[in-house]
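Chain naming follows the written order as A, B, C, D, E, F, G and H, and within any one chain the residues start at number 1.
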Amino acid sequence: MKKVKADPKGVLTGAHYLDGDYALAEGALAAGCRFFAGYPITPSTETAERFSERIPSVGGVFIQMEDEIASIAALIGAVWGGKKAMTVTSGPGFSLMMENIGLACMMETPLVIANVQRGGPSTGLPTLTGQQDMMQVKWGSHGDYEIIALCPDSPQECFDLCIDAFNLSEIYRVPTFIMADECVGHMHEKVVIPPAEEIELVERKWFKGPKDKYLPYKPDKDMIPFMVKAGDGHRFHTTGLTHDERGYPALNAEFQEVCVRHLVEKIRMNADKIIKLEEDEIDNAEIIVISYGITSRVTTRAVQQARKAGIKVGTIRLITVWPFPEKRIKELAKKIKAFVVPEINYGQIVREVERCVEGQAPVIHIPHCGGWVHDPDEIFKAIKEASK
Amino acid sequence: MKKVKADPKGVLTGAHYLDGDYALAEGALAAGCRFFAGYPITPSTETAERFSERIPSVGGVFIQMEDEIASIAALIGAVWGGKKAMTVTSGPGFSLMMENIGLACMMETPLVIANVQRGGPSTGLPTLTGQQDMMQVKWGSHGDYEIIALCPDSPQECFDLCIDAFNLSEIYRVPTFIMADECVGHMHEKVVIPPAEEIELVERKWFKGPKDKYLPYKPDKDMIPFMVKAGDGHRFHTTGLTHDERGYPALNAEFQEVCVRHLVEKIRMNADKIIKLEEDEIDNAEIIVISYGITSRVTTRAVQQARKAGIKVGTIRLITVWPFPEKRIKELAKKIKAFVVPEINYGQIVREVERCVEGQAPVIHIPHCGGWVHDPDEIFKAIKEASK
Amino acid sequence: MKEEDHLEEKNPMEDLLRMDRIPHIWCPGCGIGTVVTSFAEALRKSKIDLDKTAIVSGIGCTGRVAGYVKLDSFHTTHGRAIPFATGLKLANPELKVIVFSGDGDIAGIGGNHFIHAARRNMDMIVICVNNFNYAMTGGQVAATTPTTANASTAPYGNYEYSFSLPYLAEASGATYVARWTALHLRRVAKSMQEALGKRGFSFIEVITPCVTLYARRNRLGDGLNLMKYYYEKSEIQHGADTRTVDISYQGKLIVGKFVDKEKPTFLDCMNEHLGKVLGDKYKSYGVSHE
Amino acid sequence: MKEEDHLEEKNPMEDLLRMDRIPHIWCPGCGIGTVVTSFAEALRKSKIDLDKTAIVSGIGCTGRVAGYVKLDSFHTTHGRAIPFATGLKLANPELKVIVFSGDGDIAGIGGNHFIHAARRNMDMIVICVNNFNYAMTGGQVAATTPTTANASTAPYGNYEYSFSLPYLAEASGATYVARWTALHLRRVAKSMQEALGKRGFSFIEVITPCVTLYARRNRLGDGLNLMKYYYEKSEIQHGADTRTVDISYQGKLIVGKFVDKEKPTFLDCMNEHLGKVLGDKYKSYGVSHE
Amino acid sequence: MVYFGDLKEKKGKIHIDKDRCKGCKFCVEYCPKDVLEMSEEFNVKGYHPPFIKNEDDCLYCQLCETICPEFAIFVTLKKEEEEGEKGESRS
Amino acid sequence: MVYFGDLKEKKGKIHIDKDRCKGCKFCVEYCPKDVLEMSEEFNVKGYHPPFIKNEDDCLYCQLCETICPEFAIFVTLKKEEEEGEKGESRS
Amino acid sequence: MSEIRFSGFGGQGIIRCGLIAGKALSLFDNKQATMTQSFGPEARGSACSSQLVVSDDRVLYPYISAPEILISMSQEAYEKYEPELRDDGILLIDKDLVKSKPSRGKIKTYSVPSTRFAEELGNRIIANLVMLGFFTAITRIVSPEAMKKALPGLVPGRFLELNKKAFDKGYEYGKKILTEEKKPKKK
Amino acid sequence: MSEIRFSGFGGQGIIRCGLIAGKALSLFDNKQATMTQSFGPEARGSACSSQLVVSDDRVLYPYISAPEILISMSQEAYEKYEPELRDDGILLIDKDLVKSKPSRGKIKTYSVPSTRFAEELGNRIIANLVMLGFFTAITRIVSPEAMKKALPGLVPGRFLELNKKAFDKGYEYGKKILTEEKKPKKK
């Protein structure tokens, strides 16, 4: 993994007052993203707007495509053309992208997709918040695959995680998702953008060997195959079909096993390296509250209340939601009295928690329909209840 | 729920030698489906082909749309136009349908979608079998919703479950899915189609009240709102936005809670009525093998072997996969030594099993990459291992 | 309620609009409401059975039209109004089906459905409010935004070519094609009325001011200014060759009825063809046998 | 290996095709291979840098072309070759990008991308093998299937109207439009060569026999018969008005180069426009500064 | 609150629902007889609705009705005259 | 196994990779000089490949090369003559 | 922690008020300020508002429930939001556009002819800046220096000076009112 | 339980063989027969096959692994599938199209000039029916009556009689061979 410093051209060093959407655009530019294809959709459009405004002076392309399918297809093309690329969307557009997200996985194409979640299903609540696409990001395309998904809890983290997302996508050659929510996407807060030289980026894993020896799907020692870009004389092939290491179609169960198991395992086996959690007062906690995105901020308020009330509460903030931190939850399940899981949906990530807890402790879900955030009191009450 | 007999016009009574795809078409025709919009995709196309051949003499419409998105959109329109409607597809097309599956859920539109699963992700193995879209069918569209999904294990069951699917979709006003697999879809076997008078259908829950009093989203006692069709003078409105009982947009958390909770609860609270399982020798089983679709047939062979070897194995065949039979699995988990879950994917429904088992017994997954079915020996070995 | 008492006669719109949903969401000075009144006039004048008339919209400011018109009305997903309407029409052929939506909805994301429905000569009327941008989402550039015009995702001006929708419609197979500006009130209504009286795929483009976004960003004044502006830039050329009617930023707007021809619809073709091939075994679909 | 020894010179296709993947999957008598040889000839004659040439296909029999051509080659998803190619081209403007795919892929599911890429005058060549059906999936009806022709989902004959792709391409903005049959070997190659030498959105439709499905179902004989048949039905009309070139089942096939004009491409427009608006601050994109 | 012009016996009557108005001035500007004028007063939404300046001149052409994007004006006719193509001059 | 015609010194040489052939007859049918003919023999795939009947007549126009959908025939030229538009009569 | 709501109708620059104050607090006054706003069709042409939650520490709950400061620049906004104002809150209104009811609890109401002042300065559009100046003076929650530093980038460059002038106008007016408020006490 | 594979090249009606036999067994001979086939581009223009698993009970494993009966109508198919035939299996080949190697184990090989017979009957296309008749006679796994009953719907109506004739031709030829096979024993 080759690390390089960010190109100062894209880095708007300094303190800014930005919303999460804008911060995503700045994060992308700082991470070296030079291609953005997108289609407007509330509440993610501001990212596209800012990118379109900033890119001419940075050097790169913004294109508004005819729909979200075209956007993600163009993204994959652009990455194979040598650029770092990103798109943003929200629920309906995200659903439309599903087929080509599968293509990106199959072609092992590093790229970043942000979903600024709003209330669903369908058109739902276009301008109001939700965390209802958390399972979709893992399961929304057909077939077996694994992806990485991160959840920012503030505009600052939109910036920071956007850089992380680009880095992770390059390290693992996998589409990486920023699962923001409308609340974070549309809130303005202070965002500090460091100087370019303090931003560490992972360079694409360029193939440096002889032109005719390139095998786009031959795993390197670290499981990850090398990449090239079109136009460099490798005359390579890639396909969405099950393929061999040359990228040629190989349509039988034997190659399926090699090809698809690889897609799954490169993430599963590196989960420990990928996963980033923020834990607080876990050590002698009786109750652990697990949350992500905006909900984790609201949770903090409830937890402060609970601690004041003498309850031993720890928190885990899932910065990485996928791969899910199975190991850590399993480990903690043995020591803990109960888990409390608030999320803005009718039960998504809580199912993963339940699965990993394996009945060792009750798991209390606090659902929210979307359109607003939890009332901290509600979370506090659940914590109190759980601690009894 | 009003039950009626099938219209003999659509029922090809008799014994036939059909593949699963054809049987789906016959099931649909028998169930009174008179509108089919689809887009070709292996291995599901034969259903469309047969429907297109049969429908002119039955009376109805077949239309090949420009893509899968148009197909599902046309379906929803056709249902609101008063017809029973169906489409079939496979992975890539299924992914494209995700957005409008959400619309169907939100508009509470009864319709049937069959996914004849092939190996994925992406274009994957177009002509070979898989069971890799089992989580997608539940989670593939954005937002919170619930659907019903059934898994046939033979052409005969393709026919039978197609009728069940239409009935369930009408009872609960919910898109209902037939999650077949290429193996079942493409295998020819004997299919017995009963006489029309032996086929019981659920009539659409037609609204019979005064024209201007129709409320498309006012739940009846059984939670399910009445339906009408366009052209009957009700002048109603429906939308994919969060809405009130008139179907008018109501864009805030309060209505989101009413509207979306309803979508989720009408299925969750009726799960016991919906779920159909086939259990065998459960009572004093030590090991239970849970499977569905073609895998359950292969499993039976392994189980026969195991029983011969003196192992007490029971089986559960998930005819309904969604809603998942949580209650039953939880109940059994307490009594059982281990669960074995073979499926043609890298771990999908097994996660539900794990979640419900709550650590009460080990859950042994037997993954298969797709492109073929399990070797029964492999399943047998897992059973033997589990029984130790 | 009390106010109503003062009215000696009721607003004729009341039969046609969902007055319980008024005020609508459109901005002050937005032209969409005006296109709706023209549509209401057309509905009234055409004397068609409103109980057998359905309206389908996609998503967008214009997409909200279905929600305000008191017909069987469907507010679908972005870009999918046309295939939804296709299903609706085919399921119940006695319906008159109108798709009423925005330029982004119909020619942006929905472009493929648009050309295929036109190709099939699917019996429906597509009314496209062209406000030269994606309004609902905040004024992004569209496939119809004239070159050099400003938009939120074309902050330095649009550098893409734009579609000429009448040309595209005709090339795809539409049998009725007209374009007006919203201020051509009666002509808009008349085109709609003509289309309501016809069978086949009809397309009516109405150039309409988006005051809040397009006008503001391009400093084109308020709704009134823009209404006037479009009207004044317009030049009626009935029967104009659709290849010549493309729109440039500050240029002339050619309006009029460009195409009006007869051609069997999808269902006509289906019934005729299957009848021919299958003979008496085949019963025409959608033609009342009962 | 031994056989190779007998060859005094190597097959000139070897530089252009992935010989390690031959035999290809196409049926005996299928015309797609022939279109590929014409393409190879065009590549060779145009003398462009093959290392800077990329080919993108969707899914279908024709979609497999990308897999056999020894260029940077992409076998994408059904209908999405054009937006994929758009991203590829924009990311690396020094590439010549060719989309090579089927009629269903380009004009069926991919129709919207087709018209939008043409509208933008995206610099790429779209070669569409029109075999009048969805071959890969077993011969279903397509938007190009001539009326009355048989297909697996039109078992009594097709009753839909079909697209005239050159007309659609021109109406959408294509700057080069040609149609040939596969048997017009050298003319196909020449059109391809012309397009390779041009900038902008070029569209070449090649009417090609699908022997296994379309020919068999319509009793049109074998590949040879159909090759001949299309050729004989064709009539060269260079510069024909694209409004007049639609295809009927057993009718005349008008072929030729219909459109060939110059117009700035998407990137030209972007660079020119941003340069004008932003002045020296703006550095032309894709033009080598380094 | 509904506002309407004075009720002298005429061929018809102009009805203005002034609280529906969003003050776009379309009606005032395009009334062929200059019957309407914007008032100084604010409605509940804070807009200036039009008022009827001189109903005597009114042609009852209904153009104001058709142009009003808020469905805030309508014109009722004594006899059924809606069929004609009045106001065509404007369209 | 690669088959090629007799090797008399000519302007060029026709090469037929007969095991690649799928017997479509395109080459035989469209050779302007009737140089090729289908053989009776089967290739490994079970198809009849063409053979060179009379290379003397061959124009080395490469039409057979361009028409063969299986890339099974190619023609090499002694001098670099590929540039011309030979066989155009056919196209 | 404080909760502040700016309200009025679309086109008055209400969102910008929130942005300027939020930026000033966050970047130049060492506070943490989270600004949110209502989006969506509902927000069009009717009451429009932006909200600020201000804190020394991280803002955890992003929305406001019971603001202690309400700024209303239209009657409709006033009617809609006044009820949620805390009993001990501060209400700032445009003198000419809002007619306030007798205040409840310990609510203190201050009014400024912001639109009129703006018109006097040559452009209605800067009424929001007058209001911001007034707000700065009355509430003292943010420093006037920070507010002025926040302006570049949030108001068009060529109007920067005019905006500052408007701000000063409002600020001075607020100062005066406060002094006057104190005066009576002397009496 | 038996596993049967029909094989040949595309266009020979190999799939139809599986369909006819499967239908005959399932609908008229009281067996359970599951027919599968290879789809996909790979199946084009090269070896083509259909498989039958036949059982008195429900077929559980749908694919075949070691067929006891292999029918090959092309050399390529023969080469590809012969190795999987059971040591005690039966091999049926087209006499003119397939050159078989010396048979291994207890495999019994029977050949019929099915294509030649079909040509004699007027159409190569019915070679598969000749083979089916032959198969019926030799293997006795399915009754000839069932096979004939299975034909309608699976062969074009106007060719039904011709197909039956072809079937009979193959069937008689098979019978004869079997009788002859017995004869030598007498010797």
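To be clear about the criterion, a contact is a pair of C-beta atoms (placed from the backbone, for glycine too) under 8 Å apart; a residue touches a chain by one contact, two chains touch by 3 or more.
Because the structure is a prediction, the values reported are computed rather than measured.
The minimum number of touch steps separating chain A from chain C is 1. Looking at F-H alongside C-E, one finds more C-beta pairs in contact between the chains of C-E.
Taking each chain's centre as the average of its CA atoms, chain F and chain G sit 86 Å apart.
Taking each chain's centre as the mean of its C-alpha atoms, chain D lies 61 Å from chain G.
Centroids of chain B and chain C (each the mean of its C-alpha atoms) stand 37 Å apart. Counting partners per residue, chain H has 40-42, 45 as the residues that reach two or more other chains. Among the residues of chain A, those in touch with two or more other chains are 42, 56, 66-67, 69, 92, 99, 103, 122-123, 126-128, 239-241, 251, 372. Shown for chain D are the residues that touch two or more other chains, namely 26-28, 59, 75, 77, 109, 111-112, 116, 136, 143, 156, 270, 274, 278.
Within the complex formed with chain E, the chain C residues making contact are 3-4, 6-9, 11-13, 17, 19, 22-24, 26-34, 36-38, 41, 44-45, 183-190, 222-224, 227-228.
For chain F in complex with chain D, the touching residues are 1-2, 4, 13, 15, 17, 20, 22-26, 29-30, 45, 47, 63, 65-71, 74, 76, 82-83, 85, 87-88, 90-91. Residues 9, 45-46, 74-76, 97 of chain H are the ones that touch chain F when the two sit in their complex. Looking at the complex, you find that chain C touches chain D at residues 109-112, 115-116, 119-121, 143, 147-148, 156-157, 159-164, 167-168, 170-173, 243, 266, 269-270, 272-274, 277-278.
Considering their complex, residues 22, 44-46 of chain F touch chain H.
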